[in-house]
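Before anything else, here's the structure in question.
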């Protein structure tokens, strides 16, 4: 088990969880999002190859209404 | 007895009341005032010679604060 | 011969000139105009029945550009 | 003889001219001024001890009207 | 309230832009400007015919399709009630009994400021005589109310001096007139550019009347189109109801939460 | 000069009205307002996803047809160059490499006034990184010029504080920026009603960006249409060239000759 | 032109600030405010005496030293020429034949806007009756000219509504009145703060009349002194002749030569 | 709050009018204007001495009594932090260690608009070097706050461009600066006539700095006196607390009761 931070909140994941499966479990697969891990942007093509590590800081963002 | 209107209110006076004695009875002797009877201005010099008649309409005015 | 004033200028006409023939001679037959004689408006229906007299003051107006 | 720049113009001086004597020769002794040599401010107390060298860039400034 | 129609006297209109016909290069330009403005009412002045004129020379009325637009004869240049009344009686004769008129009585040839006392006299006489009077006046709300009580069909206060293009110099007085009037209030005179017209309509005016702003633009036909949109924009904004002004504290357009670096 | 098209960076647009997507009641209203405004560029903010959200819940991007409009991700809420750069890099990833962005770095949470020194730093870094930067800034003409020299693609000075609806508080500074810039100048922030937009365009702005003025109107969809016309009216009036203002002497719109009672 | 004196009718004054006596907390405050303002003319209203009043109760006139100030009875609250004339005839009797008066005829109780047609009628009758009439009016320059022709001794246009404190809403009309009048022009009504008075005087007004701006300030006596200086500052600036405005190019206050780093 | 004194850095002053010494006809006029203005601080520029000058020719400093006024050397004409710092270091040497200075770094020779980024750099270096820095800046409230945090002793935002005489173009930004600053806020640049100064002081500015408004008046000495009173009037009005503005309903200055003809 690893503990990571997602959008500022603490979440516990199975070991070796990939970004892809995280997104899936969060129900975000069909959404337009972008992801940063430890302040590094992760491009979409690498979602399945990257696994999350203990203490990773993950930001998942999307577009919302704004002026 | 005669009934007159002073500044819009009804007042009963003795017969043959002069303007002078009216002013006196109202406590206005030392005040700067001007008087109209039935829409005619009454000059100060005639206050003692004019007596008030039944139904006279009397206006007594003074200077007040204004802009 | 009679002398009349038209729009402020003096003009000499044959005796018994009608309004109609005046308009005609001025080339105004096809124009939208209105006519005043001696400060009285003359309606169109009476153009042929009215003859101009010596010293008549005639105003012929039309619509022009204005704001 | 040395050649120096004073306020952007070229001037030829005797060897070993002091700041003091330069000021004197320019008629500025009684004026409120400040002096910079080669971008270094020279305090008044050192005017007699400093001599001007070839190619020195001298700025002499004063207070003028301004807003 | 219907944004589409408004009524002046017994007539109903869609366009809220009324245009003049003076100061154009030629009648063809006048015609194109009217068309591009979308105006349904156009003003004309009444003047002595030019006696030297050839019968074949064109006249303004040839260039205005009276099936599409309503003519509004005015009393421009009149300095007394007498002249104004006489001028409009001639106009009625000229236009086959047409009764919708613009009354203006001027008080000073330098400023062209209206003479409101003569205007009151003329308005009363014209109304008595059966005219439907749209009346040009100052922005004096007491005079405006009096003109309404006399039976005018539209109150037309100036924004600023005729031909000045200075825009609405005293929006406060105009606002009082609008608030207190049951009649159409139409800004007449002083509009200089599109935004002036938009502002007038946003304030709640029912229409805008202009001449010089279009005719004296570098490109009058282009400006006519701009004015059409400007009046519509102002009307629609008035109906849509603008946001409240906030001097400050400012309020962000984007959400304050969900930031990458939340603000303390 | 072509009134129809204008170019920002490598893209060309017809509409000169750019709208935001914040503060609407719901996405459907957002969508209708965009449509009615005719905008071809719409701004969006970048925020953390709401993790509790159901997959079936709609998201803003579902309501925007990217074939018709260009998205303009912004950095609203960022108070440092670092945050702003990071936010737009995420936006680029999110929008498949999209490089046209709106940079804003705020300086104060109460007024939302821009921090121009941080804005300069962020602009430089973003341009280095390949972005086409439309930059929100104050009306300081020296800063505006510096942002142009750095390689921004549009200068977007405020009219007044974000969300204030106060209109153009200092047209003089705005005029200096317009006169000195080779880039599109777009008023961003502070427009409150249609005439504010018309005025900005009449001054020679290339476009106007607004959000609250539409979204916080009583009828946002109606106001969106009003704004569309207001921007067009202002642009057309700018191109048509307004009449000169004359403080007075007034100049009559109707001829001074031919009067029944000639003036002395 | 002498900056020190100005003449109204047959009287000459040094102070160009005229103050009212309404709305003060008590007569002692009224007295101190008058003194601090330096005013040489103070307005009073004429009202029915309060019949219940005790003989010992103080009255306003006890607090005004008529050797130092000239009283100016007004017709505040009158809505017709008849009432106004009658009120000033009573005032003349009351003040021992005093003939300098302020005429105002109101047209609407909500706005207190003047009724200019009734004002014209009253002015004519009062002048006939031997009064020297200082006349409160709108900013209509044609009416102002007519009042001058009737023989009034001072024209007193409003800056804005009585008691509103909105300042000069239409400086353009006021300017026309000043330019065209041979009489003293005195702004009456609408001044709200010191700078309003300064602006009026800078425009060339001969004096300023105010009441609420002083009486309704948080510290009326302090404001009276501020107004005194404000009127003097404006008058002196008018006489000194202000610099020309330059939209831009800016012109430096310090010399452009002699710089350490000369500009290319 | 004491209306009489205000403090800049370690010095205390009574007069709230600071004047420049540029653009006068001659030093004698400069001297008289300073005297009439009552100013206790006067600015001077630092420039290369004129080498051709005769020793007997007068110099500005001969005309300023340093026992009565504090000199404030400025950096007018400097376009970089380096120049500005160097100029003020020379000024300090010139004025025997005097440490109170006015920093201005310009950004553009046509508008003379300040370069706020260079200003920030120069301010930091000067403060480090022991100066008490009064800093000329734009009306950007974020920059103003940053200058305060750096340790400046007075914030001096422009009203409008140097030498323009346009008055306060954006009172809203100025108000934000005043509201957020613990330092004296002094309007510097753009005042054109007395009322501009009164308005600045009424808004809560601590002082006003001007040069051209006095020196370029037709009668500079008369204008200096007008400005003295204008600043005092504005300060006193600020302290007295102006009446509230009422758009309308108007409120009469005279009593509504006791009328001869009572209103329904």
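Order of writing sets the chain letters: A, B, C, D, E, F, G and H. Residues in each chain are counted from 1.
Please note the rule applied: a contact is a pair of C-beta atoms (placed from the backbone, for glycine too) under 8 Å apart; a residue touches a chain by one contact, two chains touch by 3 or more.
Quantities reported herein were computed from a predicted structural model and do not represent experimental measurements.
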Label-sorted list of chains bordering both subunit B and subunit G is H
Of the other chains, whose C-alpha centre is the longest way from the centre of subunit H? C
Report the inter-centroid distance (CA atoms only) between subunit A and subunit C in whole Å. 94
How many angstrom lie between the CA centroids of subunit D and subunit H, rounded to a whole number? 33
If you average the Cα atoms of subunit A and of subunit B to get two centres, how far apart are those centres in Å? 95
Could you please state the distance in Å, as a whole number, between where the Cα atoms of subunit A are centred and where those of subunit H are centred? 56
Overlap residues in subunit G, where contacts from two or more other chains coincide: 20, 22-23, 45, 47-48, 74, 76, 86, 111, 113, 161-163, 166, 172, 176, 211-212, 215, 247-248, 252-255, 258, 260
Touching at least 2 other chains, the residues of subunit C are 8, 59, 61, 64-67
Could you please write down every pair of chains that are in touch? A-E, A-F, B-G, B-H, C-E, C-F, D-G, D-H, E-F, E-G, E-H, F-G, F-H, G-H
For a test of understanding, state which residues of subunit C touch subunit E in their complex under the given definition. 6-9, 26-36, 39, 41, 43-44, 59-67
For a test of understanding, state which residues of subunit C touch subunit F in their complex under the given definition. 8, 59, 61, 64-67
As the complex stands, subunit E meets subunit F at residues 20, 22-23, 45, 47-48, 50, 74, 76-80, 83, 86-87, 90, 109-113, 161-166, 192-195, 198-199, 202, 211-213, 215-220, 222-223, 225-230, 232-237, 239-261, 263
Along subunit F, where are the residues that touch subunit C in the complex? 252-255, 258, 260, 262
Can you tell me which positions in subunit H touch subunit F when the two form their complex? 107-108, 111, 113-117, 120, 138, 140-143, 145-146, 160-161, 166, 169-170, 172-173, 176
